[in-house]
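Take a look at the structures listed below.
Presented sequentially are two complexes of chain A, the first with chain B as partner and the second with chain C.
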Partner chain A sequence: MSGIFAPGTPVRVRDDWPETRGPVHIRTPHYLRGKPGTVVRRLGTFPNPEDLAFARPAAERPLYHVAFAQDAVWPDGRSGDTLLVELYDHWLELDEHRQEPGP
Partner chain B sequence: MTTLLETDGEKLLVALRTVLEAKGIATAQEIAERIAVTDAGSPAQGARMVARAWVDPAYRAQMLQDGAAAAEALGITMRGAPPLGVLENTPTLHNVVVCTLCSCYPRAVLGYPPFWFKSAAYRARAVRDPRGLLSEWGTVLAETVRVQVVDSTADYRWMVLPMRPAGTDGWSEEKLAGIVREGDMIGVTVPAAA
Partner chain C sequence: MDSNEPRAHHDLGGVSKFLCEKVDIEPHALTDFDREVDALVSIVRMKRLMTVDELRRGIEAIPEETYHRLSYYRRWVRSLADNLIRKGLVTEAELQAALRRE
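After this line comes the complex of A and B, so read on.
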């Protein structure tokens, strides 16, 4: 969990698999779980779709555009190419140990 | 007992409309308005925005800042639509949009997604092998161009602002809009002056 991530912040997507624990609706693609990325911009706040999908009260959560290096996501990803993905703050962890600049 | 899937579609629709009206959720007029808005969405709308951005730097800046406001400025109804983000292609960056989780698509400005946009093959390959996928569309990019795959996962909808092709100097906005295809605004193709 997090505070507010500024653009340029190195983050890591939580390596969590709630679909193994019961019915869920998740907007975080499985191929990004546990992967390192870099916050590009904050997109605003939206009611958490994971609750909306089950008609539960949905708190507003910050949504970020996060960039990933293709070669950090796929074994044969092309160096220099990137992915840009919308992710909610509760799926992001500060990646304090990463020194290298992100994409 | 008849299951929902076996029920006659027309009867089900009438029943649903009746209940929506009876419960005060949506009137027949509101539903008709929403259908009209949905039907108005088409790639021609997005193409108008692209052409305006090519001839008007202030409009281009607005479009990149707030796509929905830029759409509204051209008379495209965005009420009730998700926020629209616009990503610009440059000589060093090429964007291609996919929704790996489902079929998120900027319908207000591009209409219904093409069938292949929702296919498992496109969704899987766009993130995994974007250059291979683009080459099959005939879109071959220079080694110096960074490919950025935009996975549309959540509450925004994304469209691509392609680069204005060479050989279009002096063209009218209308003529420019005529060469912008839906694939150019998804990012699988790039417009040409042909």
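After this line comes the complex of A and C, so read on.
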């Protein structure tokens, strides 16, 4: 759990691959792992789908809209184009070394 | 980018081999089978016997070759059957017997 991120916070998606360690249900697309983004807004808290998928008790997790520069995600992404993705708190890390404003 | 990543086979966003395929954006008519599967899943969810997340987990667990061969609702019905058997709500024998009666 990384805490509460305010809008504008530079974050980085965890470069983690749980699908290599056994059966999982994860809603963080592969192409965002390790990518830098910027928190746009909090969407509320929701029971963690990674646990709901296996009928396990599911803790409430904050969900965010996170914006990514497309040229940081896709090889042919155009500068200035952004991608907005819903990501759970536990997939995000504070990107302390990135000072420049995100998309 | 996709060759070195251990992505799950259903996690298709941005995978370059699909960039060469035209996206089918035409509306598709639902078959009677599609409607029946949708109704079954709706009932099971309304009765709180299965969450949408469990439905998705079951779909993602379909082996890759089968996954790409099955239609949208055939994936659903396969996950539904998998979930109902996992929960002990139907047995494998009951499912096989019902399929033989079809």
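Here is the rule we use: the second predicted complex is superposed on the first by the 102 of 103 C-alpha atoms of A that agree within 3 Å, B and C clash if a C-alpha of one lies under 4 Å from a C-alpha of the other, contacts with A are read in each partner's own complex, and residues count from 1 in each chain.
By definition in this document, contacts are C-beta pairs under 8 Å (C-beta built on N, C-alpha and C of every residue); 3 or more make two chains touch, one makes a residue touch a chain.
Bear in mind the structure is a predicted one, so any value in this text is a computation, not a measurement.
Using the contact criterion defined above for the overlaid structures, shared-chain residue A:63 touches chain B, although it does not reach chain C. In the overlay built on the shared chain, the residue A:22 is in contact with neither chain B nor chain C. By the touch criterion defined above, A:53 lies against chain C but remains apart from chain B after alignment on the C-alpha atoms of chain A.
Contacts of A:74 after superposition on the shared chain: both chain B and chain C are touched.
When the two structures are aligned on the shared chain, A:43 is found in touch with chain B, with no touch to chain C. Of the two partner chains placed by the overlay, chain B and chain C both lie in contact with A:31. Between chain B and chain C, B touches the greater number of residues of chain A. Within the superposed three-chain model, A:86 lies in touch with chain B and out of touch with chain C [touch as defined at top].
Looking at chain A, you'll find residues 29, 31, 49, 73-74 touch chain B in one structure and chain C in the other.
Only residues 27-29, 31, 43-44, 46, 49, 63, 67, 70, 73-74, 78, 80-88 of chain A touch chain B when the two sit together in their complex. Looking at the complex, you find that chain A touches chain C at residues 17, 19-20, 23, 25, 29-31, 33, 49, 52-55, 73-75. By the touch rule above, chain C contacts chain A in their complex via residues 1, 5-8, 11, 13-14, 51, 53-54, 56-57, 60-61, 87. Residues 83, 85, 87, 95, 100-101, 127-128, 130-131, 146-156 of chain B are the ones that touch chain A when the two sit in their complex.
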